[in-house]
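Given below, in the form of structure tokens, are the structures.
Next, two complexes with subunit A in common: one pairs it with subunit B, the other with subunit C.
And then the complex of A and B:
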């Protein structure tokens, strides 16, 4: 399973990436939507974990771009807002998105990823 | 004070709500980083118990990251506190430089979403005068939001302030243009009237000039 983490908080995604690697999960990280798209075009990822609110391209906008390129890629949104309604309003129609609230519980994240991949 | 509360009230509440939401979002991020780093600390200890070498430098780095984020959260809460107290008095002798710094701090995240930051280049003063702290912050915040989309290629808005007698002159520069649709609009005009202020758009030099005059308490 290969994961891409996207959040403008570099310390958050770099630490999360390290913790996932301790658990045997390969996770790259970037801090913007533009960087994320470059990585996705160049590599194969199973799941992208996206912060919803980022400078420039938001997580919602990024998810739309990702699905235009790879409709099968799974997305997990992460937000500090904690409201599922935020996603209903802005998310794509593909039905391949999931969400988690910050602060991220790593066991919860892994469990969600396993569920998605089954 | 000459305040049209029917106009200023709802807009002020909307501004208060937007700033509170932005502050809460940033606090969540700081807490998320602290949580993640404390989790990593646990992971490192667990690995050490299983025989992996625990590097002291790693622990120091983790500790410093956590401390850094705690300090960040502390600054955010200080700003929240100052903002909350800006409504304590409708009229107060205020340090304009501090109000500007607070307005810039509060709007920083929203402006960062447009990849723009604000550089308070100069506050010649101290500039202290009787004004409404909350309405002043509201007006400066509105000016920043209005010109954010007009920042030039450097994406830095420069904000300077100077005080003359009982008047503060703010200049927003670093812009490609000062032509903003519907600005100043009704909300800004209501704030300008309440604050004894006026906005002047200098199209030749691409400057937005905001002059605020002291409000004298009615006797």
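And then the complex of A and C:
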């Protein structure tokens, strides 16, 4: 399973990547939508974990771009926005997007990723 | 209810009297409702009183004119009646004379003895007959009986000319010597052979005087006889003893010439005094209102005689005629005006009071809106802060997690319990902080309302989360009872949140410390479910059950409550297609129950 982490907070996303690798998950990280796209065009990823609110390209826009390129790619949105019920809703165009709340619970993240891969 | 109708308290100060406020665009505060009251009362009183007073004045003027008219007519009536009475009185003598003359022939009458006898007989019935004269066709007195009066100044021939023409004549003669008047009664007799003779009777006027006195007593100030040239024949209160003149020639015009009167006429005497009578002028119309001290003189000719009846009425008789109108005004109109004025005061007070209430309500409403606005701003601020805070929190979380991972996965420090515990507590604290920010963000979300599937238990717990700390501090126990498998309901989340929050807050306000709050939600029938919020607070009296949902009804006004909370809840519940009701016992507690349809039906507004 190859993961791409995208968040404008470098501290967050680098640490997360490290923690995931402790758990045997390979996770690249970038700090902007543009960089993310570069990586995606260059490599293959199973899941992209995107921060919704980013300067420049937002998570939603990025997701759209990704799907234009690879419709089958799974996206997990991470947001510091809204209450828990937002995640149940997960209103999406394709129904292939999932939400998690910040601060991220790493076990929850991994569990979600496992679910998605099935 | 009584208080609402009559806001004027016993000491006559209404609630709005002392209300001070600033007028828009002006400095300083005014008693705005006091001013409005005064202005409104002034306007209403003027608008109604001016025409009323106008009407009453017109009425009074009309009554006065009517009174003057009546006075004039009364004067004329009196003189006419008196003239008639005098005429009838004198007719008696004429009939008597006719009778005796017809009973005897000319020849007989010219004999002294017969004439004496005739006179004597006449006098038996009518003591007024003093003398009798028989006059032949040529104008010579051929027989006479009775008293001889001084005939100086009597124009016998002229008198006979008149008599020859008219057939009968009554006129007077004032004797200077005796200083009193006499009446001559003349009749013309035509004999069988066509020639004629005349009989002249001289009459004393004592009984005439009695008659006149009697007539005067009918309410006249004066009554006297005059002749054709205005000489007074009977004593007059105003014009003096007989013999004098009863009119004045006013400079260049003679204003009172009775002999030309064919009908009764009326005159006004202004400013009469006992010594010299004031100006006499013809009273031509009722619009000429006599002064209070004026006299009204009415003169009427006596039919068949040369006598004129004069009656005098004082103009003060007008008071008599005005009496009823004066009474009417005094007893009806004036109290009526006063009553009307009081009623107007009450009406104006009532109206101003309603205006005042509306103003108070408006002010409350505006402050409510300001408060709500403030809350919205705070909400947005909180959401912004929470969102900002989430990022650093996430970083702390990851870093602490990394520390933990370093301990677990690399094996370093894994035996340092203190380190491990410290990191663990950092992570726990971050979780708590995260919960708080989530709650804040969740709350600010309620401003966006949206219809969605709602897990009631979830919502209840979320709302109770807000008051958890408050409950702990105050020792209030919270119990939640949600039916298992309570179906998810499709509804507006934000509105439901606000309803619940309001009810819970009210419950807290109603309770003392160490009370109990029970929130229940069960299914009700196939299509609905209910949520109830029950407290052990002060309770609500039964008579207020309907009132509590009214805007601005509040038992917390002193503490800054605005009375809109339950009104808002009511409106929201309606919007959600549900109903709310209350059960309560004073001193025990209150329970609000909201029943909602499981499938959302927004009520059309």
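Keep in mind that, in the parts below, the second predicted complex is superposed on the first by the 108 of 118 C-alpha atoms of A that agree within 3 Å, B and C clash if a C-alpha of one lies under 4 Å from a C-alpha of the other, contacts with A are read in each partner's own complex, and residues count from 1 in each chain.
One rule holds for everything that comes next: a contact is a pair of C-beta atoms (placed from the backbone, for glycine too) under 8 Å apart; a residue touches a chain by one contact, two chains touch by 3 or more.
Remember, it's a predicted structure, so these values are computed and weren't measured experimentally.
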item	value
Which of subunit B and subunit C A:15 touches, first, second, both or neither	both
First (subunit B), second (subunit C), both or neither touched by A:80	both
Contacts of A:55 with subunit B and subunit C, given as first, second, both or neither	first
Which superposed partner A:104 touches (first subunit B, second subunit C, both, neither)	both
Shared contact residues on subunit A - subunit B and subunit C	9, 11-12, 15-16, 18-19, 22, 53, 80-81, 102-104, 106
In the complex, subunit A residues that touch subunit C	9, 11-12, 15-16, 18-19, 22, 53, 80-85, 89, 101-104, 106
Residue numbers on subunit A that touch subunit B, as the complex places them	9, 11-12, 15-16, 18-19, 22, 53-56, 80-81, 102-104, 106
Subunit A-touching residues of subunit B, taken from the complex the two chains share	24-25, 28-29, 31-37, 39-40, 43, 47, 65, 69, 112-115
Subunit C - residues contacting subunit A, complex	386-387, 390-391, 393-399, 401-402, 405, 408-409, 430-431, 434, 437-439, 441-442, 445, 452, 458, 462, 493
